[in-house]
Amino acid sequence: MTHYILRRVLTSVVLMIIISMITFGVFFMVPKLAGTNPAELYVGKQATPADVAATARKLGLDQPVTVQYARFVKGLVAGRDFDDGPNKTHCAAPCFGYSFRNDRPVWPLLLDRLPVTISLAVGAAVIWLIGGVLAGVISALRRGGALDRTVMVLALAGVSLPIYFTGLLAQLVFVHQLHWLPGGEYVNLWDDPAGWAGKLFLGWVTLALLYAATYARLTRAQMLETVSEDYVRTARAKGLRERTVIGKHVMRSVLTPIVTIFGLDIGSLLGGAILTESVFGLPGIGRLSIDAVNTKDLPVVLGVTLFGALFIVLANFVVDLLYAVIDPRVRLA
Amino acid sequence: MTVGPVTAPAETQAVEEASVAGTAIEGRSLGRIAWTRLKRDRVAMAGGVTVLLLILVAVLAPLINKAFGHPVNEYHQDKIDPNLGGIPPVGTWGGISREFLLGVQPVTGRDLFSQIIYGAQTSLLIAFTATLLAVAIGIVVGVSAGFFGGWLDSLFSRFMDLVLAFPLILFAIALISVLPPTKGFRIAVMIIIIGGFSWPYIGRIVRGQTLSLREREFVESARSIGSSNFRIIFKELLPNLAAPILVYSTLIIPTNILFEAALSFLGVGVPPPTPSWGRLLSDAVQFYEYDPMYMFVPGMAIFLTVLAFNLFGDGLRDALDPRANR
Amino acid sequence: GTSESKDEEKGSTVSAEFNAGTKGIVNASDKKGGTLRFGYSSDPDSLDPTRIYYASGQNFMRSFYNRTLLTPDSKPGEDGLKLQPDLAEAMPEISADKLTYTFKLKNGLKFEDGAPVTSKDVKYAIERTFAQDVLSGGPTYLIDQLDQGQNYPGPYKDTDPEKLGLKSVQTPDDKTIVFKLAKPFPDFLYLLPMAPGAVPRAKDTGAKYTEHPVSTGPYMFETVDPGKKITMVRNPNWDPATDPIRKALPDRVEMTLQMQPDELDKQLLDGTLDLDFGQTGVQQSGQAKILLDKNLKKNADEPVTGFIRYFTISTKVPPFDNIHCRKAVQYAADKVALQTARGGADAGGDIATNMLPPNIAGHDPKLDPFGTKQGKPQVDKAKEELVACGKPNGFETKIAVRNRGKEPKTAEALQQALAQVGIKATIDQSDASLYFRSTIGSPDNVHKKGYGIMTAGWGADFPTGTGFLQVLVDGRLIQASGNNNYAELNDPEINGMIDQATAETDPKKAADLWGQINAKVMDTATQLPFVYDKALNYRNPRLTNVYVYSYFGEWDFGSLGVSDGK
Amino acid sequence: MKGADMSSTITATDSTEGPRLGPLPSAFLDVRDLRIHFPTDDGLVRAVDGISFTLERGRTLGIVGESGSGKSVTSLGILGLHHRGRARVSGEVWLDGEELISAPAERVRQLRGQRMAMIFQDPLTAMHPYFTVGAQIIEAYRVHHKVAKSVARKRAIDLLGRVGIPQPARRVDDYPHQFSGGMRQRAMIAMALVNNPELLIADEPTTALDVTVQAQILDLIRDLQEEFGSAVIMITHDLGVVAELADDILVMYGGKCVEEGTAQTIFRRPEHPYAWGLLGSMPRVDRSVRDRLIPIKGSPPSLINLPGGCAFHPRCPYQGRNGIPCRTEVPTLAEGSDHGVACHIPPSDRRRIFAEDIAPAL
Amino acid sequence: MPTISQTERTPSRPATDDLLQVSGLEKHFPITHGAVIRRAVGAVRAVDGIDFTVRSGETLGLVGESGCGKSTTGRLISRLLEPTGGKIVFEGRDITHLSTREMRPLRREVQMIFQDPYSSLNPRHTVGAIVGAPFRVQHIPTPQGTKRAVQELLELVGLNPEHYNRYPHEFSGGQRQRIGIARALALRPKLIVADEPVSALDVSIQAQVVNLLDDLQRELNLTYVLIAHDLSVVRHISDRVAVMYLGKIVEVGPRDALYAAPLHPYTLALLSAVPVPDPDRRDRAQRERILLTGDVPSPIDPPSGCRFRTRCWKAQELCAREVPPLRELAAGQLVACHFPVEEVERTPQGRVSAQRAAAEVPPVTTGPA
């Protein structure tokens, strides 16, 4: 077990290194290939070629990529120093570099935005998990009936709806026309819980809609499969109440793959968050990334990408461990 | 207990009877059986018909447009109210009229109907090609990993993990936005990115299927008569992989349509004036309070298309593999 | 939701009505107190005065925390274009050869921490501009004028112990600062308000200075929380006696950052916010809302921003090396469609017929060589020109455009109009961030890509013909990158007239000359202006002293107060 | 076939009138005309089509038959484990004087696991992979006994020891996958026996096991039955296993019982051609090697589309001899006697054919 | 039954009567660890040094409990697996390490019949394609066309030639197994390795297939290696029988001798455990049954010396120390045991005492399966 964990940590680290290398290469090399110099993005609109060169030198962009990458990695693990002009600032590890745009270290920027994304993700996850699993269970229990068909077609509709459409539509109806929900800016949970929930509500629901559908379908399929398992028949043969049979024996098996998928989905939620946040104007990591992309703020883009990848890799890892915990048959070797 | 064994004796019976009569000629292939099953699934058939219609619409866009629309980029300034920033006059349902079946686009007054049907062309082109790419890579990688196993499998599996670990949308927009945004190039890049990131889904499934197929005795029996790996892969494995691949391709297409639309929505899709549903939608964001139809029409187009593909793919899956309920 | 505007204000002289702010002072009042609330859809590029370029940033720093030697007067109308002494005691002494400018500082000027403002601080602030590798982004005109071959690297790499090694600026004593030019430059004084006024070296944190610029104005920063909020409070060390220009009515200034544009509009209309920092106009839905509701409409202004939107037609990319082909484009263009693409008459701007916008001296509304005022394409004339050009059936070309904002739409509108006369244009979108610098800013690239027509926009950094038109049309200023003369217009006659105009010290005569240059430029058919930008902005009815400040084409932030004292 | 000499005891098991109230059963388990049909997309599956038998405490009934002949469906039917919406169950199942088919589901549930229990064929899939063996046994005990967990646990350990699991106190916390095949089957048995059921149904309990382990399990079942005096139904297709355990044997074909009788009878004097076929197709270690086996031709029938008349007739070498209506009339089983055969061939002919043609070849 | 036209065969018969000689054959499956860098952390010793010969025209039965390495042996001799060690000589030719290409011509000589009639036929191919594949792969000329040849084969195995265009799912288990047999026969092999050809079939169908195999052997002069765990089936078909235990052959000998007088305790126990389909004899059978305790140990870590010793009631200290060699103790009957079964143990009394002794062997706690 321990050496499994160790090995997994190691593979995860290797994976992250490769991802960072690719990402780094892509973001710093592709512009170059496309004939643009990242330094030009950094300098002002009136800068002369000399200024561009000076900036490139300052940012280390004149160095070979390998050197730049090494520096970047050093920043991640040991922090690095940045030239402010009169003095140097130390950017403590993990240092993803300084934003081109506002000269602030990327890492605190990410941390700053994280609560919003987490608020969004957690709320949505709760809704979709409960809603999806419930719908799936009901549908499976009423298999073949009208309710089952309706739920499943609705589920398909759910996966088919683009977030940016549902989100806008919901906003148009509930915020602008019915005025049921407040518009306004995102507020922190601890500042104004009601406002926080009100602002996030539509985001939760739209994001949850996308996933709930998948979970409903998965739960239903899993349920149907499990219900016909021999061990469920055994449970019945023992004289267990139907409630216990479904609630304990069936659900135990149904939830195992759900937990797995859930972990992976949470890990890759950033993608959905990007769209949701930009539709609902939530200042989270997703918005940050879009803004960074739009302003060509490469260090931020790089930071967010790596951060997202880290999330996914971590989620994978956790899921594997979790799987071993919930499924006694899996032996980590 | 499954329905599996029920059909087996029934068919056996058929064989027996036929052999008695001595007129057994053509067997029913699994494909035919699936087709019979699919035909019974009305929802899936509706999806399938819609998909076919869509493809037809995309292919015949110029003809259809001639009949019902206006030239795709023709401006109709008279249909909009320039003082309100070019939205169609308030209260006209986005300018819907007999002349403009789906209304007009704000600012330019372009015919939304033609934008939608040409948009279908763009969406489907990108989604289909990207899916094709994904399927091609997925098959090659999945089959090699599953069939040859060993270090190749480890390598490819890790590789798939790697691709899946990329925050896809972000990576895509970042990458696309640093590349020159000319039309052909954009489309190519989008196809490569969408296909290049969705193949691991196919790859994993193909690998899994290959792994289980490889254990089936018919592969061993093929080997025992001296078949080469090449023959085993092409003659024994691929025909059996066709069904899952087909199913997952039809299920990946809607995802890819959504993805293309999302990229366009985020402003890194096909460059204007090439019509694109995602871009129409993102364009609509600024007008949606006063011209909700403009948002509604492309939104519904995306929704219905994706839904149709999903319904069809879902039905196809049930038909091809009645036991896998998911 | 909408807001009912109950007019409770007392003592307002000009009643609020649509566009009143462009005509006079709305709600004139001297009532102090309250909080002035800005909203912004983004983050300011920087708060460091050295690094601020765009108009609203300049407006903001000028109004609240950055006093400069000279500054345009806080007055509505033409008066707002006139420079007044600010840190300086009076207008400078200019030597007879027009090369030496001597300023004396006022007495009693202090930084927010109470330290006196000396001429060294002023010089240091100017020197910071030279450190482009650290403090990029701001205007660099001063470098062009003051470096004079010294290659001054900025104070951080300065070997001078006091870091005051820039030779062209001298500080004989703490109250005096002397600028020495190499060549006469009549617009020199206009460069000063754009630059930082004074930066205390002891407090200079270089790249991090943006986190807390030290104020010389009526307000100082309380908190700067990038991406979220900026708050300012009164600067106790600002002495109103030294500053007749700023009213400093509110007690606090706040700015909410990174707001969704639609959300921002909504809060403006709801009255939660007072005004948009960006001053680029409300969004589409806000626009419809305002224009459809007369109660809201009366609180809106649509000032001319001083920006001109235009296409420039290359003189080097065939077939546009032939003037008739260029003229064909001029006639074929559908200016109403272009105007609509920019947002229509109210929010987009008036149709432009020539290259000098109304806020630049020398502007002539009647100059319309191609008769495009009426806005419709003149297909027959265009076809005639095509015949003259030798391309009766049209030709193919490329339109370069940034992939941002409304610009792709304008390119499409032009594309569509050109198609009517047989000119097949393809649109080549490129990345916004490098568009002006290397996409169309590099003539080589333009030739290589074959950009016949390029989308452009231009606003003056200072309101003279020199500041506006020269870089666009002076053939001698064509650069390999960062070029602004996209058409590569190099007409000796025009160049000669420019020399004349830039040397002219009498503003009236200079304006006249620029008017003539403008006409000449239009005759080359290289520039296809289509709108003089307007921005439809909404002002909270509680705002007092609202007027459009011609210098920035925006409301004067520094004069604003709030009537309810909240 | 209605033999004149038997007419008084014949019950028309193929009647479509549904269950009739016969005399109150005296037997411990009395199954009467049990029919279990499944409506499916392809048609109605008549998995069990009129089965009757009785079983006393302390006796073992062996049910043999080909795959798909309805053995498992019958046993699940007795336990009331068919989904009421998906299976049409009719007939009567009397357990110790109580009718189960018409009883409320809740009542049947209470009996299940308590008075009647079942051992399933594949112990790996029949045990929940996520719960420990102990937990599953404890659960089975606690549904029917309101006792503390610790008490139930003691009982579980006790039973595991009884079925021959070494170190039961330790193994009780293992998961099923940590057990070997034989141990799993033992654990299954322990689970079934935890409430001392009076009726134990074992559905192919040894098919998945090796002979040496099979022998262990069979011994175990026999010992336990002797100890508890339960009635046992042993379902299998292995005639050897039935011969080892069963007192009575019921031969199923196509959802019907084609022959029933004591083990001696069935093995010594089988009268149904299908039973002959079964015996003939089986190589035996206890006889000298025959040159050829005597297989049954053809393959098992479809339960949706059973051949008309006697379901076995397409495979029966004697069908249609002397104009007997094998193709048209369904033969019925003589009830009440100790040897029932559902065949149109006159009993005397049957006995003769067996004695002359079949027995020598076996 | 129709005969198929003999295709040309090169008479390469060596002088010896042994078609196949296997000596010291080993197959160890490495247990790997690690995702990227794999390293072997152990091995499943599925087959661990076995010797036997198969004579031309005979049937060798291979019995043993699940997991003892029967299938692995079958795959090794048909060279679907690469042996870890030992030697396989077919018709005098060492084929132990032939490459895939070198094996191809030899595939004609050795064919396999598989256990699972459902998974051994590709569901996407028609019967014609399945049975005709060997002709295509081996480029065998079929004078009257492949279809005709296939139909002849179908007839040979008792299937309707009209079924040429049908798919496997349209057939019952027994019919499928016939298709598998037809495919194996297509190349007119000399040796057929049948891996549990009837275990998946119903009793009534089993007999059909067993008879078919019998008939074919007679008609086509085939040699079989028949793998099964059903001792009665093996007894019915085989001329000689080999008993395997945990990767080793513990006893091999002529059928009748082996069944009548087993020499290895394991064989004895195995035979006694077979249920007798005779209710009259059941009490006797039960009394004389030698019940082994516990389960087969893991092939990853087999017991030292004699592998059966952990369950053997006769085991002594020597058994743990020395691996017993395969010795010929009776005519043609070889056994690998230090203390072979003696005559008295085969008597009822002997059995009873053996039974008692066996019950007393302390159960070895087998680890997780």
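Order of writing sets the labels: A, B, C, D and E. Residues in every chain begin at 1.
One rule holds in what follows: contacts are C-beta pairs under 8 Å (C-beta built on N, C-alpha and C of every residue); 3 or more make two chains touch, one makes a residue touch a chain.
These numbers were taken from a predicted model, which means no experiment stands behind them.
When chain centres are defined as mean Cα coordinates, C lies farthest from subunit D. Looking at A-D alongside D-E, one finds more C-beta pairs in contact between the chains of D-E. Measuring from the averaged C-alpha position of subunit A to that of subunit B gives a distance of 24 Å. Computed centre separation for the pair subunit A/subunit E is 55 angstrom, with centres defined by C-alpha atoms.
For the pair subunit B and subunit C, the distance between C-alpha centroids works out to 48 Å.
Each chain gets one centre point, the mean of its Cα atoms, and the points for subunit A and subunit C are 40 Å apart. In subunit C, the residues touching two or more other chains are 262, 431. Subunit A has residues 11, 36, 296 in contact with two or more other chains.
Each of the following residues of subunit B touches two or more other chains: 9, 12, 158, 177-178, 180, 267, 288-289. Subunit A meets subunit C in the complex at residues 35-36, 40-49, 51, 54-55, 57-58, 82-87, 89, 101-104, 109, 112-113, 179, 183-185, 281, 283, 287-288, 291, 295-296. Residues 35-36, 38, 75, 78, 80, 100, 103-104, 107-108, 110-112, 114-116, 119-127, 133-134, 137-138, 160, 162-163, 165-167, 169-172, 175, 180, 183, 186-187 of subunit E touch subunit B in their complex. Every residue of subunit B that touches subunit E in the complex is listed here, in rising order: 8-9, 11-12, 14-15, 18-19, 22-30, 150-151, 154-155, 157-158, 216-218, 220-228, 231, 235-236, 239-240, 242. Those residues of subunit A whose C-beta lies close enough to touch subunit D in the complex are 229-231, 233-241, 244, 249, 252-253, 256, 326-329.
Considering their complex, residues 262, 283-285, 287-289, 291-292, 334, 336-337, 339-341, 343-348, 403, 408-409, 412-413, 415-417, 419, 426-431 of subunit C touch subunit B.
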